[in-house]
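Shared chain: subunit A. Partners: subunit B in the first complex, subunit C in the second.
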Partner chain A sequence: MNRPSALKMAFVHLGLSLMCIVTLYPVLWVVKMALSPTDGLSLTANPFPETVTFEHFREVLFGTDAEGRWLFGRQLLSSLVVSGATTVVGLTLAVTAAYALSRFRFPGKEGGMQALLVTQMFPATLMLVPIYSILQKLRLLDTLTGLVLVYATTALPFCIWMLKGYFDTLPRELEEAAVMDGASPLQVFLRVVLPLARPALAVTALFSFMTAWNEFVLAATLLNDPTRFTLPVALQRYVGEYKVEWGKFAACALVVSAPVMALFFALQKHLVGGLTAGGVKG
Partner chain B sequence: MSEVILSGIKKSFGANLIVKGVDLQVGEGEFLVMVGPSGCGKTTLLRLIAGLEQVDAGEVRIAGRRVNDVPPRDRDVAMVFQSYALYPHMTVRENLAFGLTLRKFPQVEIDQRVAEVASMLELSHLLDRKPKALSGGQRQRVAMGRAIVRQPQVFLFDEPLSNLDTALRVQMRGELARLHRRLGATMIYVTHDQVEAMTLATRVAVFNGGVLQQVGPPLELYNRPANRFVAGFLGSPAMNFLEARRDGQHLVGKGFTLPAPADLSPDAARVLVGLRPQDLRVAAQGPLTGTVDAVERLGFDGYAFLTTESGPVAARFDRGTVVSVGDKVSLLPMSDALHVFSEDGATALRHPADRESLGVAS
Partner chain C sequence: MRRLLALALLVAAWSAHAADAPLKLWHAYRGAEEAALLKATGLFTQKTGVKVELLALPYDAYAAKLTNAIPHGAGPDVFLFNHERLRNFQAQKLVAPTTDRIVRGDYFANTVEALEVEGQLYGYPLSLKSLALYVNTRLVPQPPANTDELLRLLPTLSDAGQGRFGLAYESGDFYYHAAFLFGFDGPLFDASGRASFQTQGMARSLTFVKKLQDAGYIPQEASGALVKSLFNDERAAMVISGPWFAGEVASSVPYRVVALPVVSATGIPMRPFLGVEAAFVSSRAQQPQKAHQLARFLSMGEASRVRATQGRQIPADVAVYQLPEVRDDVLISSFREAARHATPMPNTLEMARVWEPMKLTLRAVLQGGTAPEEAGALADRRYRALHRERPPDASFAPWLGLAGALVLGGGVWVLRRPAAPLPFRQRYPDVARAAAYLAPAAAGLGVLVFIPFAVGLSLSLFHHEAGTYTFVGLANFVDILASRGYRITEPLSFYFTLAVTLLWALVNVVLHVGIGLALALLLKNPLLKLRGLYRVLLIIPWAVPNYITALMWKGMFHRQFGAINGLLVMLGLEPVSWFTRFSTAFAANVATNTWLGFPFMMVVALGALQSIPQELYEAAEVDGASRWTQLRRITLPLLRPAMLPAIILGSVWTFNMFNIIYLVSGGEPGGGTDILVSEAFRWAFQRNEQYGFAAAYSVLIFVVLLGWSAFTRRLTRADAEVTG
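So, the complex of A and B:
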């Protein structure tokens, strides 16, 4: 391998720096809005705030509604509960389904796999109306349980395909060795297969959690009570018909995206490892 | 009582009949080696005994019990896999103890058995390592230890040494033989390596195309192969085969005339003559001549590979003999060296009388 020339490297770095600026510019603007004392859109090219105040953050984090309820706390809790429960429910179902699809032969297997793929072809908004009426029949409208059910269901196909792909790469001989050692099918699954699938489980869990955490359309349609809102729905409160509270909106948006960024940062090594896990037999 | 009896075993995958009706008895404490080319059904047969596959027809009996419908864990057999199949997320200790833990042995006994096996296989200092921190030979020993620790009635080995380098393979071969003497358990061992078969087995079973060709002690198979396949499979380089016809007191083929052995039935008009390379000498004069294509010098002796009118022939030569590629040389068979097979190679018509010297195989 030849070392690229200094000139070439300079061009590469220049290009990458430009891309970084283009990508980060809007983000910096959001930060500026959140930190500026005004509530309007300042139409200047400067992405750095002229005066810094944490007033918007204070109002977003600790503000109360007319009845004196601490909305942010409740909404953070429902977001956490919904995302956490979605992850647990979705992953439990996906991991068992994926294992069965990877290892066992049964009628309807191929058709089932394809049906799962087909569901991914339609946009989620298409299902809004049927989901709404189903939840209404089940008396689960405006409940977190209903939202968890919907999220877990929509996340399932992707999770199943992802995990099945990983299970396919695990050598069968390991499971056969466990069978010879006297393990029942359930013990093979719990004590040999699951521990080995940890990287794939981490990726899939993160995916479910983030999808549920960021989802807006379904949550906005299915929830009515502001104390049950998930955070993306709460964000919408700052965008009114006549007035947009840009400062608070920006501050809240930053607060909402912080946990996801932290998770991504903490797990990025596993993410890359998990996504390429099928490539190399370990 | 831990003999294994297979009767009329058949197994197919899809439309392919892999095992075509095998009858085989493995006595208690025996070390039976199943050999054959890839795809001959030997591994499938092992997996049928283990219970990892279900037989289509026939019966598997272990220790007098019919086990066709018994799940693997209740057959009291242990298996060592070609890839070792160690659990990557467990330490060596946990790998060894896994089978006992599942069977709910008391912890005291588990610890004791693991310690015992670990010291037997010199693994004691590695017990807290994960498999990925072990060398190939150590992984191999852990795989064997995992089988031994359960004290099963029957051990099954699926080409356990094929992933090791040559030196390690020779060493592990010795350890396996020692292990068999020490445990006295029934062992069934699959390999495609005829040296492993010859050195480890109390009896060898040779398979081809899903059919058992011959079973017997290694030297008996070497000295008295039942057909052309067995004769060609055991021994290295492989036995030479020459087509010949009976002409009075002689066997005549393309470019050679050999005296017919006295004990060969005169009915056999067309036959296949089998000559081991070790029974042919490069000499000044001999009944068979050819051109040398290749020479392998092994130090003490060597092998010359010739093209003759009857096809390719390999012959041994001694250290003192000078042979080079392109030479035209003559080959002289040693006295009473001829194996004779029917024309199609399906049955053996005669073998040389047993010679003690044949005990030293290549």
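So, the complex of A and C:
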């Protein structure tokens, strides 16, 4: 491959920098709102704050409710618990199901895969009414357990599809060799297949975590007690229909987005491989 | 005998336990109002020894939570709410009557009347809410008594170019406009109680307000936040708002509150809606006696005083105004005065049906799309379309027959199938293990995905009204597909919305793939400096939760203080009202969704590009193929198998991208930019909970997507044949 000319590289850098500016501009805007003192309403294109205050962050992070409870701490905890549990439960269910769909033959396999896809096409908001009644029957309403189960299962179809695609690309010979060496089927699964599928597992885990961390409509409907709210529901109170507190909203939005961004950056190497391996080779 | 004794003990223990159980009180207060309520319930506990457990709910979700929770026995004993929803609550049997318990004379007469439904009283009135005029006394020493005086004052106080206005209020909200409507003698309901829009008052009040706006006396598209900041910067001399606004006025602004002016043309005072906040006792309260005691306690006496002095609410009970600290409170007495002229907001279902058509009409007039004289007709059409008559009941019998025939046919088909060449065990040797691996996922999916899915599908055959479902067969589908109530080319008709949705999906997918692919091609060169940094920065939008993205961009498109208009002004252009025209509102939605969607396509394309063997390009170069030829003949064809599934997935996601539409444009203008999903959501949760109708919409969405996926399956199959 010959080295591209300096002029061409300059153009590539120019194009990429422009896109980066377009991408970052709204984010800077939010940072500005979070750091500016009043809910300033002047018409300006400048995305940098003129004066900096941490008042909004202080109120969002350390504010207490009328009964003196530190809500943010509890809500952060419940967000972490829900997202973590969703990841574990979702991944466990998805991995086993995807492996079975990739390796075993059984009746109704094709139909099952199609059925999974089909459920993705029914608008999720309309599933809300039946899900509410089912959780109520199971006495799981207004509990984090109920929320975890709902998240884990609604994310399942996508996770199963992705993992199955990846399993399909793994050569069967490795598993056959392990069986030859006397490994039990379970050992093959745990010791051979799972380590090989690490990139896809990482990406699936990231998606499960994100689903739970970011989801808002279900959480807002199924939970009542503000001490159990996940952070997106807590965020909603700053942008009510009749009153919008942009400063606090921005501060809270940054706090909510930060962990997902950190995870994204940590896992972004896997993202490219994990997402496309199935599609490209399959 | 022993058993019986044990049982009796158990029952005794249970009832003792029940007696100790705290009362559950739900509300949507915040700040000072919440603190005052907390104090008031504390007084109740002191007096009676009964504990009260408070739950503060987000206002937007409050009504939905009550209607969900109470019938399931998961609700509160007492809840605080505005009276305007009462009729709904009563129809769904959520509230207990208070007719024999309440002493009418304790409260202002119009507040008690507001809580009356079919001759029964429900709830205990707590406080009044209505609009009044906040006047900056530095700018306006003598408040206007009538609209002639107001019109004389406004020109000197306003300078739209400088961002100064004589008057500011949320002009696009019918709650505010109603004061003008009633002042211009426009009835909202005819003698039989049906909404009537085509009236003199409607046209005259709209003409008046439109003139105020065209002359630059009031700001366009004013939100609560804008009104607040204008008044606090002393750039708005007067503001129409309610008691809640007092807490938001900066201490540096000298102001007083007076009643709204008299409309000079009619001699009638502007009459705002009167809202009554009340403590309602749930029909499913565990301890009704104590619940009534609590609700009554909160509505008067000491609790009332606390709510007035600390919560800054305007009490509904008469006695509290004898106390000097309440009587001498200027704000409270001025609102009390202003409320004398207020029209109690009807608590009827009919009232609930007025909001959406009136909001659409009001905005259409203020945005200049409709003349004030034609507004009534527009509102009337919208009203009739949104207010669906209940379809006639249908009989189950043909459906049962159909289901029976299907089962029978399926059975015959299974039996008549040629027998498999191999026995089951041999054809599927590891079926047992497969079952073991699949069981947990299948159980979860069955309960929480497939059952709701099936229920959702079958709901489309029912009509839901006030908690009861009736079977109506295909009537919902007929109404949608025959576009009943709308012209086919009108927003809100199924076909119009479908066309918008398809356009939306197409434009977005093209932009996502185009931008994503272009960036991937730029980024693919491994020798590029800063490659990792670019990639990290460009992936950011994907990591931001999409409702945050939506709200963030909504702020950026704000007319008065959005960054986009800031950029336009910097470039010497006029600021744009983004959500008043279809083209700009649609563009705003697309810009938001493109921003959040291109990183996914970029990452997929990057992965796919990396898997294309470098040798192909080298060989092509040897053969003298140009860059363009290489892109067309090598890159694009080899990208196809990886990109196609991503594009299909992306198109389905975009088709159902509810958050962006709902939060960015909110369907403005006039429902034009709504897509099928947001339309379904509105029918389910904003238009009298017509779950059945919404489910029918969902089924149609589902059918469209099913057709699309069948089509794309062909594409991918053809693809597999070509490359494989």
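Side notes on the structure shown:
The rule is short, and it goes like this: the second predicted complex is superposed on the first by the 250 of 282 C-alpha atoms of A that agree within 3 Å, B and C clash if a C-alpha of one lies under 4 Å from a C-alpha of the other, contacts with A are read in each partner's own complex, and residues count from 1 in each chain.
By definition in this document, contacts are C-beta pairs under 8 Å (C-beta built on N, C-alpha and C of every residue); 3 or more make two chains touch, one makes a residue touch a chain.
Remember, predicted model here, so these are calculated numbers, not experimental data.
For subunit A, the partner that touches more of its residues is C, with subunit B and subunit C as the two candidates. In the superposition on chain A, A:L141 makes contact with subunit C only, not with subunit B. Of the two partner chains placed around the shared chain by superposition, neither subunit B nor subunit C is touched by A:L91. Legend: residue contacts after superposition of the two complexes on their common chain; A:G182 is shown touching subunit B, with no touch to subunit C. In the superposition on chain A, A:P171 contacts subunit B only, with no contact to subunit C.
In the superposition on chain A, A:V60 makes contact with neither subunit B nor subunit C. By the touch criterion defined above, A:V82 lies against neither subunit B nor subunit C after alignment on the C-alpha atoms of chain A.
Of the two partner chains, subunit C is the only one that A:F249 touches; subunit B does not reach it.
In the superposition on chain A, contact of A:Q120 is made with subunit C only, not with subunit B. Contact residues on subunit A toward subunit B in their complex (touch as defined above): 171, 173-174, 176-184, 187, 191-192, 195-196, 282.
Contact residues of subunit C toward subunit A in the complex are 30, 34-35, 37-38, 54-61, 64-65, 68-69, 72, 74, 223-226, 229, 427-431, 433-435, 437-438, 440-442, 444-445, 447-453, 455-457, 459, 515, 519, 522-523, 525, 527-530, 534-549, 551-553, 555-556, 560-563, 565-567, 569-570, 575, 595, 603-604, 606-608, 610-611, 614, 617-618, 641-642, 644-646, 652, 656, 658, 677, 680-681, 684, 691, 694-695, 698, 701-702, 705-706, 709. Contact residues on subunit A toward subunit C in their complex (touch as defined above): 1, 3-4, 9, 12-13, 15-16, 19-20, 22-27, 29-30, 33, 38-47, 65-67, 92-94, 96-97, 99-101, 104-107, 115-127, 129-134, 136, 141-142, 149-150, 152-154, 156-157, 160, 185, 213-214, 216, 220-221, 224-226, 232-233, 235-237, 239-244, 246, 249, 253, 256-257, 260-261, 263-265, 268, 271-273, 275-277, 279-281. Subunit B meets subunit A in the complex at residues 50, 52, 71-73, 77-79, 81-83, 85-89, 98-99, 102-103, 146, 150.
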